[in-house]
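Chain IDs A, B, C and D follow the sequence of writing; residue 1 opens each chain.
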């Protein structure tokens, strides 16, 4: 094996988009491959867990783990890769803040299993069979990973050194990160490898946001003819931009869709949802409780709207009584 | 943690016994012992009186000898002694904003009785403060300059006295009065208790002095309509209502009144409470100041219909002071401080139908009787009932609308003495039998009790009992044609029926009808009774919670003339002291934007009620003007990227406080 | 300061007492609480007051942080509408409060655990009444104590960590 | 279970005895208003003023049983026409609300009796139901005949407005006057609306009781009233029953009809003489017949 620095990729509870984003490096991936040895990447290479276990501790320079942690297997892999890597990077929203999978923290394990294996309209399962963690069959025990009580971000399971935010992270951020790794010029541990200002910084529509914004109504994007040049909030459409870290190059905005918050909060904020809530509610143009409520009815699912990618890392982490 | 930023943190914790006030309920020793175990705490002490000189010296010594650089004092409310302990720290060379107070008296020992629970609470609060003070930063106090001019709102005796006092110190005063003349309620009184000197005789010289004073700008028939700014520079807009008379030209000859097309006065005279009539063009009373007539637009034919002979114009043809085209005008002034002396209104006795006011013509209020006994009043001082009789028996009912769960709970303070005075005057004028129905006689004041004795000796009947009702239903012939007071005489234990020719209701005193709007406009508070709230009930009874705004007279609560004058002088002294100091020190609790963190989302800009936040187009960042910021922190809470901070209330400071009180949860 | 003080009184379910964090504005409600003290109006000792200049400073993060760290209820006290010392900070609080209650409800926290009350400087009695009422209400709702739930959730991780360690040791021997 | 009527009705003892005319006229009036009332099943004595003064707790238990029965029916409003019943029921609700000990005792009692907890039953007085639920305007519209030129004095008695003032203003009650005017009656400004009728004194210290009656009647006469209108069976009885005795004692020619408010209103709405119990009067029978017997020519249709 060469003495090029070793890099690994792994996925946990995620959609696979992060894996694709690595491929999105396009030609640059060759440059990366030139500079490093990819020692573990289940989606692309046939390397087994026991192969990783066999590597000396700390022998991998950096591992990028995407996806949130839901099962005991993912936890085990997280522990394993943590031990084998000098640097562990949470790659993408799910690993960073829980991501969309962590919206499942609004439901109990029982609710989820019941729905998926019994109640979903496409399911036929009269015996109500559910997968069990252990099952004896012909004298051998077959095991499945344990389904945990809640979804966690990577850093809620193991110590994480850096974060690459986004759903998925942009090729530009990935490339920057790899270059930094190789050059060894790394920021302090715990840093999110993206700018520490909010989306509006650099938003092409910023000029159209009034300085005296008053929200009279919240509109839903799919029911609205959206002006492609005006600030979404000025149009009454919830945009997570003000509470979301920048660095995504305003891709959604350019596609005429409001920011939904995948880059997570800035370093000064502990709870992204609470912050956008505070900013938006403050500008609601009503004084009487009834009128306020009427305007707020325009956000039918505040948790899904404000915590779309960050419920696991929010202060409350999950629905309390599930 | 932030050790680098703040150096080695060395916290001193001081638990005050406050004599027995705290120590009786909170185990102060245990709290101090506990505090000593907290991270960062170098010294924890308890002491009998932390606010005393030796107490403060204790802190100073520890700062000097033990290099304490954070101070937590668990004692009373920070509103009382925060400045004391900050001062102590400052004297020892520590930045005063490294001090954090914990309120274990008002919020703990005085409201709880269970020693264990109170001690646990004290520990929680101390721990929160220790965790919080860790993050404190050195801050500079802010100084704002004080505009030397003073606004006095209300031209009753309180406003008059305050205005004269400030003006005599050489400062310019604006005196704004809603009515057409200054004088207020005192001008309506006949004699004053207990000396019986005539109210007008002592008041009118002061009114003239106001008019003549070179430092006083007097605006009558005017109202403050908006107040902006803060201590040192209040921007005030005053609406000057049209009186349809050019004040600079009118000399008060009153010939226009004679000339009015209304030959007889036809409209209720407000000054005499409707007991006499006036014309559409009138002067409130002979000594009105300024002595300028005024036209009632509701009554004047010219102003109502535009079709009048306008004989008044002819009478004033030479001076040309009458101006039907006059419109309201607005004056904008800048003042450093404001004295509010907007007075009171009397209780409307129609709210107590059992006393028949408004139903029986011979039921009066004390204020009406003041006018009746006044030599220049509607009856030239003759006490005659509305049906034209000289009363042979008069009953004065005390506490009408006062000391009553159903109306107002407070004692109006002046009604006992007013009633004694009126009893004396009525007896003097008519020789009638006078009954005073009372619950308690309250004659506390210089010469008051002596006056009570005098009226007792004059043969006034005192019946102790709350009158149940005034009725005109006669039980027997002796009551025919009279009003009857039904009352349980609690001294004798009998229910009595006392026939009377005239009933006088000693109505209580209430906040002005628009006190709430005034309170909001000036940004001050009201107490539960609706009167304006003072900063401290004992030690600061004229300042308010809003710096640079003082209250005087009955807008603050019922009081008699001497107390009113004293409070007005006190308010004036505060205003003068403020102006002479020339500056005012503000808490450095302003908010600021960290420029490199701001994304320019503009969420904060519309939230500031003081327009302190602007959006800098060149930098595409928000900016907070520290001079305009009042430190509420609303923008800080709203900043979606956490880029606005508030001095003294940083996010980390509050989070650590929250987590401090919940450490055991 | 990373180390939390060791608990000397671990409250168990049986002797659970509601713990309420209150954010009081300096000008109205904090002053009213002082007045309640001066007037010796007794009330339940279950509340810990945190002073802010204006209820408008109460960041929804503070409320969530209090719940996350174990508060069973959160009380916000501000000036009456129209009486705000800072003109209208309390209206902003009101709006946030309404939206926050919706979020709390969706996350399974009874909205009654968060209360917003307008208490003027003169209303010491109302401070006592509100606190007692709230303590009663939270008592009826039962403990929330998310801090403890979080510890339970994290226990699931701790057990695995131990197991993984054991597994690895075994593997190392083989 | 049958659908619950909007209004339940608690007669108390009087309305089944001396005050039966009140019951008759009340039921007739509410029938004509198309607001049927249902009698509370299995009701018991209200305890009256007397029991309240012996033991507030025990008196509250008596009342609580009635209130719990009412709650069981599902009705929200319980009409108590007798002033004593009204006040006793209302007072016991207040006692339960204000005194934890009484509340506990009541709860314990109701539990033993297998009755539901007290909750949300409103105790109503017919006067205030007519005023608030029906309304002056509607009474005016529903009036089909008017009493021409008859002057009446409205009289409340002591218990309807005191101490709570929920039926009308305790110092200056006016609602009954407004109702009477609405149905076409001329009202005198009677000053003694809430003075004592003598109450039980007519049976104990008889002379004093009768003298109190006399004061009321005499003042009504002096003001030119031809009849008095009451809302309490005891007031009505006292004022009605002792006029002959007063005539004998004072020689004054008093013979004045003492009506129930529901008789006057019921008649204006079209009720007839007997169903309103007008035939049960003791005093002023001639006048009553003259006014209320329906003769075509005397009736003015509105």
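Here, a contact is a pair of C-beta atoms (placed from the backbone, for glycine too) under 8 Å apart; a residue touches a chain by one contact, two chains touch by 3 or more.
These figures come from a predicted structure and were not determined experimentally.
*Asks:* Does A-C or B-C have more contacting C-beta pairs?
*Replies:* B-C
*Asks:* Using mean CA coordinates as chain centres, what's the gap between chain A and chain C in Å?
*Replies:* Computed from C-alpha means, the inter-chain centre distance equals 29 Å.
*Asks:* Need the CA-centroid distance for the pair chain B / chain C, whole Å please.
*Replies:* Here the centre of chain C sits 36 Å away from the centre of chain B.
*Asks:* Report the inter-centroid distance (CA atoms only) between chain B and chain D in whole Å.
*Replies:* 49
*Asks:* In whole angstrom, what separates the CA-based centres of chain C and chain D?
*Replies:* Measuring from centre to centre gives 53 Å for this pair.
*Asks:* Residues touching two or more other chains, restricted to chain A: which are they?
*Replies:* Chain A, residues with two or more chain partners: 269-270, 275, 278, 282.
*Asks:* For chain D, jot down the residues that touch at least 2 other chains.
*Replies:* none
*Asks:* Considering chain C alone, which of its residues make contact with at least two other chains?
*Replies:* Residues 59-61, 65, 92, 96 of chain C touch two or more partner chains.
*Asks:* What chain-chain pairs meet the touch criterion?
*Replies:* Touch list across chains, by label: A-B, A-C, B-C, B-D.
*Asks:* Using the touch definition from the top, list the residues of chain A that touch chain B in their complex.
*Replies:* 196-201, 206, 209-214, 241-243, 246, 265-270, 275-276, 278-279, 282-283
*Asks:* In the complex, go through chain C and note every residue touching chain A.
*Replies:* 59-61, 63-65, 67-68, 81, 91-92, 94-96, 98-100, 102-103, 106-109, 144, 146, 149-150, 153, 156-157, 160-161, 164, 168, 171
*Asks:* Of all residues in chain B, which touch chain D in the complex?
*Replies:* Spelled out, the residues of chain B in touch with chain D are 352-354, 469, 471-473, 475.
*Asks:* Under the touch definition given earlier, write down the residues of chain B that touch chain C in their complex.
*Replies:* Residue list for chain B touching chain C: 1, 37-40, 77-79, 103, 105-108, 110-114, 117-118, 120-121, 124-125, 127-128, 131, 134, 519-520, 523, 525-528, 533, 545-546, 589, 607, 609-610, 630-634, 636-638, 646, 649, 651, 654-655, 657-659, 661-665.
*Asks:* Which stretch or stretches of chain A touch chain C in the complex?
*Replies:* 53, 72, 75-76, 79-80, 106, 148-150, 152, 156-157, 269-271, 273-275, 277-278, 280-282, 284, 286-287, 289, 292-293, 296, 299, 301-303, 306, 314-322
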